[in-house]
Amino acid sequence: MSLSASDIEILIREGVPMANDIGFRVEEARSGFAKTRLKFSDRQIRPGGTISGPVQMALADASMYAAVLASLGKVEMAVTSNLSINFLQRPAPGDLSAEAVVLRMGRRLAFCEVRLLSGEGSDQQLVAHVTGSYALPAQ
Amino acid sequence: MSLSASDIEILIREGVPMANDIGFRVEEARSGFAKTRLKFSDRQIRPGGTISGPVQMALADASMYAAVLASLGKVEMAVTSNLSINFLQRPAPGDLSAEAVVLRMGRRLAFCEVRLLSGEGSDQQLVAHVTGSYALPAQ
Amino acid sequence: MSLSASDIEILIREGVPMANDIGFRVEEARSGFAKTRLKFSDRQIRPGGTISGPVQMALADASMYAAVLASLGKVEMAVTSNLSINFLQRPAPGDLSAEAVVLRMGRRLAFCEVRLLSGEGSDQQLVAHVTGSYALPAQ
Amino acid sequence: MSLSASDIEILIREGVPMANDIGFRVEEARSGFAKTRLKFSDRQIRPGGTISGPVQMALADASMYAAVLASLGKVEMAVTSNLSINFLQRPAPGDLSAEAVVLRMGRRLAFCEVRLLSGEGSDQQLVAHVTGSYALPAQ
């Protein structure tokens, strides 16, 4: 059964307390793709005024999970197998959005790419690039 | 000026709100090394009863930073350049400890390895393996 | 001075003997981008009939270097700082092509993404995904 | 059936032509561990006089495979799932040795760490750090 963006947001917020803490939202979801957003809050700031690395990693991880759920329906036992993030620019204080794509859906692993973006419209900038794998439950 | 484990814990808890939230502790610190701990709390749990991936990533990132601070003294503008984590086993509910080692301290990058461990003494198990780089400020 | 695809191919083949061995070609090059190709040869095969992982890694590394040279001109002392490859599908026996993009050109690091593709036209498939950083010489 | 260092060297040299080309040797092998060596040759040099990145990656990949074969016996269909290398120092011209450790042997994935070392005895230096996963055939 396919899940809506709203279904996926609820599943992730219930399952991952940190996702709830950071105000994680799912804006779009379709098979192989999810677009998500992190509402800005002062609590995410680190020295220098930017959103901390762990918050960016939490957003990326939840976004990958959203794209997997959008592709497969409810697979609660899927777990992150690895995640690799490159921080490219310090984000300005403001919302972060993320675009997660499933590049390869295998039987045992889903391989995803996530781009974390700061700013809106033509000012949007790539602040971090993430790849990761989700281990899928045996079917 | 070299920093004690306690100095480093205070610096990181002040600078990274999430480190404070997750109860981050620095137990040992010397040049090139830090041993840290995450006190267990129910809030870190994800479906299946284990500590969530984002919490493990936050612990690893803070532990790398602790090892860099232990090596260089107060370098507040050091920022994570990349972080790659492999989740190897679901940790049991309980404290997580981490051992971070600086494998290469260059002029511009510090390359670190972190092992996340669950359990105590002879029951200790490797639950995740992390590598990452810190970009150092120009001197 | 900007370099043509042919200039870049010659520079890389002269500088990296393995690039020459594997028949590395640069088909397109412009600032931030390179499209390359590996001519198929029986020597690259591993058990199961596919192109070996090390050959794919060599192609990815040379393609990143091509995209950096296309962006900056002749920077012979640029060196790979890290490379992370995910093998997604066994390529069929045949040429491999690669598309390398510079996602972030900083003062000290160029961060690149490379997609390795097998087959032609509408049969083209993503066989591996690569990210990596090039350390740039101090200017 | 357990395999000797010599058995493993022959299997890898037969299966991976590039391993043969680069003079890959297996010096020690036991469950979870392999120590290997790359004989120096002028063909591996890149501008600046060091052993090229692709040759280091080929050594790391073959060393992981050696440690997996040493652990499981002959598993010809095991394939590298991902490999992440950080280049830490330019190796001096000379042999490279590698120590590969299986950090986690799961049912479906073997996760390995490899250290590439240049020089001998007390002059030995870590030149690259590698992690990677091998996908194991379904049993």
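By written order: A, B, C and D. Residues from 1 in each chain.
To be clear about the criterion, contacts are C-beta pairs under 8 Å (C-beta built on N, C-alpha and C of every residue); 3 or more make two chains touch, one makes a residue touch a chain.
Note that this is a predicted model, so its numbers are computed, not measured.
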Steps needed, at minimum, to go from subunit B to subunit C via contacts: 1
Touching both subunit C and subunit D (chains): A, B
From subunit C, the most remote chain by mean C-alpha position: B
Chain copies touching (subunit A, subunit B) - same or different residues, decided at half shared: same
Selected pair, greater C-beta contact count between A-D and B-D: B-D
CA centroid of subunit B to CA centroid of subunit D, Å: 28
Between subunit B and subunit A, distance of the C-alpha-averaged centres to the nearest whole Å: 22
Centroid spacing, where centroids are CA-atom means, of subunit A and subunit D in whole angstrom: 34
Residue list for subunit C, restricted to those that touch at least two other chains: 81-82, 84, 86, 133
Interface residues, subunit A side, partner subunit D - complex: 81-82, 84, 108-109, 133, 135
Contact footprint of subunit A on subunit C as seen in their complex: 84, 86, 88-89, 103-104, 106, 111, 113, 126, 129, 131, 133
Residue numbers on subunit D that touch subunit C, as the complex places them: 15-19, 21, 43-48, 52-55, 57-58, 61-62, 76-77, 79-87, 90
